[in-house]
Amino acid sequence: MSRRFISQLGQRENVDETFLASQKQLRANRNGNLYLQLQLSDRTGSMMAMQWNASDKIFDSFDDGNYVRIQGTTQLYNGSIQIIVTSIEPVDSETIDEADYCILTEQEIERLVNQLGEKLRQLDNPALRNLAECFLSDEVFMSKFSRAPAGVKNHHAYHGGLLEHVVGLIELVQIVTPQYPQLNPDLMTMGAFLHDSGKIDELEYDRSFAYSDEGQMIGHLVMGIKILEDKTQQSEQLSGEPFPKELLLRLKHMIVSHHGEYEFGSPKLPMTPEAIALHFLDNLDAKMHLANQLITTDVIGDSRWTSYQPSWGRKLFKGTPAEDPPAEPPAE
Amino acid sequence: MSRRFISQLGQRENVDETFLASQKQLRANRNGNLYLQLQLSDRTGSMMAMQWNASDKIFDSFDDGNYVRIQGTTQLYNGSIQIIVTSIEPVDSETIDEADYCILTEQEIERLVNQLGEKLRQLDNPALRNLAECFLSDEVFMSKFSRAPAGVKNHHAYHGGLLEHVVGLIELVQIVTPQYPQLNPDLMTMGAFLHDSGKIDELEYDRSFAYSDEGQMIGHLVMGIKILEDKTQQSEQLSGEPFPKELLLRLKHMIVSHHGEYEFGSPKLPMTPEAIALHFLDNLDAKMHLANQLITTDVIGDSRWTSYQPSWGRKLFKGTPAEDPPAEPPAE
Amino acid sequence: MSRRFISQLGQRENVDETFLASQKQLRANRNGNLYLQLQLSDRTGSMMAMQWNASDKIFDSFDDGNYVRIQGTTQLYNGSIQIIVTSIEPVDSETIDEADYCILTEQEIERLVNQLGEKLRQLDNPALRNLAECFLSDEVFMSKFSRAPAGVKNHHAYHGGLLEHVVGLIELVQIVTPQYPQLNPDLMTMGAFLHDSGKIDELEYDRSFAYSDEGQMIGHLVMGIKILEDKTQQSEQLSGEPFPKELLLRLKHMIVSHHGEYEFGSPKLPMTPEAIALHFLDNLDAKMHLANQLITTDVIGDSRWTSYQPSWGRKLFKGTPAEDPPAEPPAE
Amino acid sequence: MSRRFISQLGQRENVDETFLASQKQLRANRNGNLYLQLQLSDRTGSMMAMQWNASDKIFDSFDDGNYVRIQGTTQLYNGSIQIIVTSIEPVDSETIDEADYCILTEQEIERLVNQLGEKLRQLDNPALRNLAECFLSDEVFMSKFSRAPAGVKNHHAYHGGLLEHVVGLIELVQIVTPQYPQLNPDLMTMGAFLHDSGKIDELEYDRSFAYSDEGQMIGHLVMGIKILEDKTQQSEQLSGEPFPKELLLRLKHMIVSHHGEYEFGSPKLPMTPEAIALHFLDNLDAKMHLANQLITTDVIGDSRWTSYQPSWGRKLFKGTPAEDPPAEPPAE
Amino acid sequence: MSRRFISQLGQRENVDETFLASQKQLRANRNGNLYLQLQLSDRTGSMMAMQWNASDKIFDSFDDGNYVRIQGTTQLYNGSIQIIVTSIEPVDSETIDEADYCILTEQEIERLVNQLGEKLRQLDNPALRNLAECFLSDEVFMSKFSRAPAGVKNHHAYHGGLLEHVVGLIELVQIVTPQYPQLNPDLMTMGAFLHDSGKIDELEYDRSFAYSDEGQMIGHLVMGIKILEDKTQQSEQLSGEPFPKELLLRLKHMIVSHHGEYEFGSPKLPMTPEAIALHFLDNLDAKMHLANQLITTDVIGDSRWTSYQPSWGRKLFKGTPAEDPPAEPPAE
Amino acid sequence: MSRRFISQLGQRENVDETFLASQKQLRANRNGNLYLQLQLSDRTGSMMAMQWNASDKIFDSFDDGNYVRIQGTTQLYNGSIQIIVTSIEPVDSETIDEADYCILTEQEIERLVNQLGEKLRQLDNPALRNLAECFLSDEVFMSKFSRAPAGVKNHHAYHGGLLEHVVGLIELVQIVTPQYPQLNPDLMTMGAFLHDSGKIDELEYDRSFAYSDEGQMIGHLVMGIKILEDKTQQSEQLSGEPFPKELLLRLKHMIVSHHGEYEFGSPKLPMTPEAIALHFLDNLDAKMHLANQLITTDVIGDSRWTSYQPSWGRKLFKGTPAEDPPAEPPAE
């Protein structure tokens, strides 16, 4: 029998399915009774779950990160589907098809790593190509880079999300760059590769996703500069040649300015063609993923609009599925 | 002898060359003496010119829009090159190579019109394709559309500039759209085609460039809606079928929201994937042209920075030509 | 026995009264028990109502828009009075005095329509008077215009609210205009009449009040331009004379700029005396109604302040009723 | 022979006329030659004047505030008409018709004072009426109040301007207030009377107009509170009755909040119906005068637009005189 | 047995302790059952308390401001510790050690008053010293000034808080002023003394803390000016000498501008060295107290970050206690 | 005969004095005549100078950075004193008293360096003390640090200005820190020392002051992080002990956040007590110096106000010298 995914669940539905558990908590309600609250997820999304009249024993029967079999009933609460759990029990991870739970499987991540390597090894500029090689051959860096999410919430907030965003952005950058001869293609590719590299330490992503202390106090723009400086030094030692000074300056500037505005935490505004272009394309890619996610996972099934997104100051239009404009024209 | 273009002129240089004249004025200085002030341009740029001790006779000897032979000397004034004119006389336009004076020649504009037609006739969606055909076969519209600048100053401020911007944007849109399956390609192309169509009446561009009254009081976003509504009605009459309602709504929304922010005159924020993408790509294209123009025409020849751009809140980095990063690596 | 209105209800009061029902929902609480939630209104206001342990049967026993007899008890919840319902049953609308439930009765609306007609037919300018006549004789337009609310919430959010706001604004405009000779009285009246006309399609107001898709994506400023353009064309055909171009431009500008600031969705700032004046007077009228409503319907009975209004960034001062400054002076 | 007023002067015109002189300065140009610069005004406006090759003797031959006969020629400089003076000599003020030079004559100011007195003596509320009487019978206050301008530049910047603005605003307030029953008419009138009273000391207006030190460091909103407090105390002593506390609070609040926004120097936002209404009506009146002045005095005679007003972020539309919409309809 | 303070309470702890009660309310839950809600405090903080199934009798058994013995259990609710009360009874205030409940005891307040007096009596400038004496000898003023909190929430929100803030600020001002010779030390001290004096009437602080009507409608900046003006007049009468005009102006300016920005309610920006310095030092002192309070009272015990502070737009870093940087270096 | 300094010069004064020359340019006026423009300075300020009818020979007779004897006359131009030069000739620097020309002499700089060293060597925390030692013993760093200005214009814009600002700020920090026990004194001192250290490479200050490319594209906040990271590594190698991680994080955070707001280029807001305090004290010190400089160097001698400072949005009040409040009280 095929699995029923979170994105498919409606109201008042009986559920008996396996999910990935996280953020479990034992809490007391106003009357002092204990209840269990946790987050359940599969690759299509996540939802809250409650078990009333819980106990320490239930709480201790599984850990965050375990797969658990859940029995219960769905209900709508504050506009979101949640599950009232009647039974919860851990499941052996051997019996699980990982592809049902992760947005990116190990294979997909590996494929993305290979794509990244290919693209970087084709750079024409020898200094940039050498520099890229230093990153690619740094196992600690690559391990973090391929596992980090691109954010705690919003777009690409899953293991491998940073890598997926970066590879997607490099593709985008490489098809757009030829339109504007003033753009240096190699700089564009390296900027796309490194613009968010500080996120490998800005975020913590072992169990659940959070900002590290350094992430909150220094931020990935400044942290990325440090990563780039260290690797440039290493690259110079390997190649025996000084890294071109202005080239490095342009690359650092792309990192430091890629949020585009002071109010979004860029200490400098983009002032080179490459920095300007990277800012717009990064923003486009992030917003396209965010919009897609909001539209496809919105639970208010019968509305043509998503719920209001305070941080974005707007709702998004989902439209009428049947009349959707991308529909194929009738055969002619 | 090859022509000396405006972009090639330095300080304290003797000039004897033909330019396109505009904005001529006869003014009095503080001592009451008359002088002639006018703008001279060729395809590489424009500059101010002054003739001291001028007279009504000189003033009447040519019109804005004439080609004039100028003799005089260049000097730097407030950071710009200008010419102190000693002699000015009109030149027969028959003896002129138009390609020296226009950024886009008639042939280039014609080629862009053909490109536009090809792209629009390949739309899959029949309603949008029919609509596009109505625009293409409207001679008045096409004549204005292929002659209008994209702005009074800033990017694409020359005859054919709007057309060039639109064709460039359609190309950009068509290579980017496949990256995001949620985007409807035909909507993206039509949105790129029509987003600035209100500019054909927002601007006046017969002699010199200016905003029309309607342009200043209503603006090209709202004026473009009217143009689209009229053509949609015409298209419905021709095809005998109602234009899909939601499709029209999405297209109008792209026009009305393409400035992206309230403060830039969009009465609505982009709320569909296509409107969001169009805003970023339009902005990218405009800024790439603007940056290119600022960097290549900046007269402060020996500086690695352009002058400060108040409306953009920054200088742009021009860099050291010799060390410019796009330079080819030495043959290996 | 005289009716007890919503605005008169206090805490912990037994209620047995008839109200207008809307927004009924059957929801589950955290324990999975069903309850009915609905909104009850009469002409003095509206309140939420809950019936615990509800069922599908109760839910199906009436429709939104029905009059229902409610038995139950009031209580204060989050600063608002609500009713805990013990019994709910539909009531025959024949037995009802409509004036108890609508802020504006049919007669009042009719009277407002007549007032509007009178005022418009007295315009001096023949082009504007003809245009007005085209609107007045368009039954579909007038039917919508006299039924639409002026907003989904905030000021004039009830059937006929748009009409009442417009007639009030025309009155205001007509007494203020003579103070400023530079204002064209006929333009002022027509601007007041048409400034919000796009709301007839921006909003949906058959059952409950909401924004239409077009309202959210295009907005009533732009939609009003279309309505005006269509009617102007019709007026030209009827009169056989072209509508004065600059007059139309000034009228359109008043519509497009009447929100006064970019951040409130005006794509253009007011740039004519009439547009400037209309913006201030429209704003004054809207804010006076809003303030009145906030002060008179505020339930925190013993406070001299209304609750904080986030969208307005302030509380309003209600003052001490007994010492209220408008009090009549003692007979002298 | 009838006088030629400043507003009637065009370019390159010979002038032999009497004006009011102010702001005279003796300055050196770059070559070290002295020239005289001064401002000339009559009731239709003001303009700069220059006399080249001036001397201390010329400079000392008249004072600011004198009437002077000027001979010279007009020219356009930076978009404004100025005069190149060839001869300047003082004129006996006895021979002058004051009405040619002041926007408001002594009689007009007296008439406005009377109007103000009438309106205030008709207040119903005895406490407010007594308070008003204390102001009216304070000769020092009334002398300043009837002589002060409403501003240094912008609207009503002439002797009596404050009084004219206040009387106009009281009229406006008194015709608008009946539209909104929640407004206390007497409070509205007193608020309009006193809202700008701090300007009598915020500005200096004996010779030329400037801000006083106190005006710049404390501002007329706060200074007006002091004036009101002192007079209230005096009124209480006279009447032997305490001034109603909440009434005073409401009146002070109207003064302190009448700029409407923090960024315009209001330390509090309007929070009573009267304060909200006063803010909008004061703003309307000020902007109507400003717009009128900009449109009627704009020297760019052949343009349909005024020059750009940086502080207002816009140009104003003057329109085509002949086609002006206020034109009378043809007799029917 | 030593007392257990609020700041020491953890989750699920049995409590039998005496607290100060305030804000008691009898409320109905959704099922119509009554419960008692109140705030309990001691000198380390405050928390909410609930007693389910309460009655009018319990509600009437004590008053806000009483000391009450509470029995019950703690629980975490929405990130804060609260108590589920099982028994509540009033306690005789004679048996209480006030120092356990007030942040500042009567003695501490008295000591601060003495400190203030000493500092003010040492001013060199006789006019300022006389003025200060008028304040110090005004019993009503001093009684309010020594009892008022500095705010309703945020920093120094307790009886005596204003006094403590002012004495602390005077100390700060007196050690900083010698660094900048352009600062007038006596003006700095008086400005620090009086900058918030309007708070004695802006706030109400008998039972609980709230803004007075005048506080909300006029604000302590403007109210402080009135207090200063009255006292200056009194001082002039006592000394028989006029208070130096510019000195008074500078002092008033310090009060009126000390919030530093329009958006924080200053009608004027600081424009004298003393006003600029006072703004920064006042802000520093307030923020240091606020930060200290947020960090020391934050209940999320195991986090290195406080919760997000919306009004401040950030979290604060608490750090790892053990590794805390202020740790003493090992003995060398 | 004693020297006449720039700050002492009035209008129309004959000058024969030696100054430091910079920014010399040979320019053409509108008539094509050459003139020499240069800046002259001594320790009290700088002014522009013009020599009309200049030649290449004059231009080549001295270099920027030379001392030159100037003969000519002063005049007021656009509110500033400038000199019309009649003779200019280079002067042997041996004959010069450096103290007349530099705001800080070599001795003063040396004294500041010693003060800095003393303060840093007294730090209690061994890790910070070791780190400080690494900076102090780095000759390249110290040479730049003691020569750099604190800015290109505004406060401390002279050789040694950065050092003077930092030593002053450390003094300020050390007297303020004891007021707030939550502040770590050693962190405060180190933060004050290093907050602007990136300026040693952000600025270029050999001949004249300018931003370096890296300064403009990366900025001193991010550049300071790199400097700190390198030195920390060096310090770890010297001491053989790891630098405490959280301590380093707190120090970096102070650098990165010290501008306090995103809009001033801080990529992070201050989130530790030390970062918050440093931001306020740095801002206070900078603004005190700027205000002092504006007030003391303002040339509009007879005004009680400085000219308007656009970047600061205000004028500053200079006051009436004679009545200045700091004046000593008459002996009693």
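Think of it as A, B, C, D, E and F in the order they're written, each chain with its own count starting at 1.
Note that in this section contacts are C-beta pairs under 8 Å (C-beta built on N, C-alpha and C of every residue); 3 or more make two chains touch, one makes a residue touch a chain.
Values in this document were obtained by computation on a predicted structure and should not be read as measured data.
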{"item": "Any chain in contact with chain D as well as chain F", "value": "B, E"}
{"item": "Farthest chain (mean CA position) relative to chain C", "value": "F"}
{"item": "Whole-Å separation of chain centres (CA-atom averages), chain A against chain F", "value": "45"}
{"item": "Of all residues in chain F, the ones touching two or more other chains", "value": "213, 216-217, 246, 250, 253, 271-272, 315, 317"}
{"item": "Full enumeration of touching chain pairs", "value": "A-B, A-C, A-E, A-F, B-C, B-D, B-F, C-D, C-E, D-E, D-F, E-F"}
{"item": "Sites on chain D touched by chain C in the complex", "value": "124-126, 168, 171-172, 175-176, 179-180, 182-184, 186-187, 244-247, 250, 253, 269, 271-273, 276-277, 280-281, 283-284, 287-288, 291-292, 295, 313-317, 319-320, 323-326, 328-329, 332"}
{"item": "List of chain E residues in touch with chain D within their complex", "value": "213-214, 216-219, 221-222, 225-226, 229, 246, 249-250, 252-253, 256-257, 262-268, 271-272"}
{"item": "For the chain C and chain A complex, residues of the former touching the latter", "value": "27-28, 30-32, 213, 216-217"}
{"item": "Residue ranges of chain A touching chain C (in the complex, touch as defined)", "value": "12, 50, 52, 73, 75-77, 84, 304-305, 315, 317"}
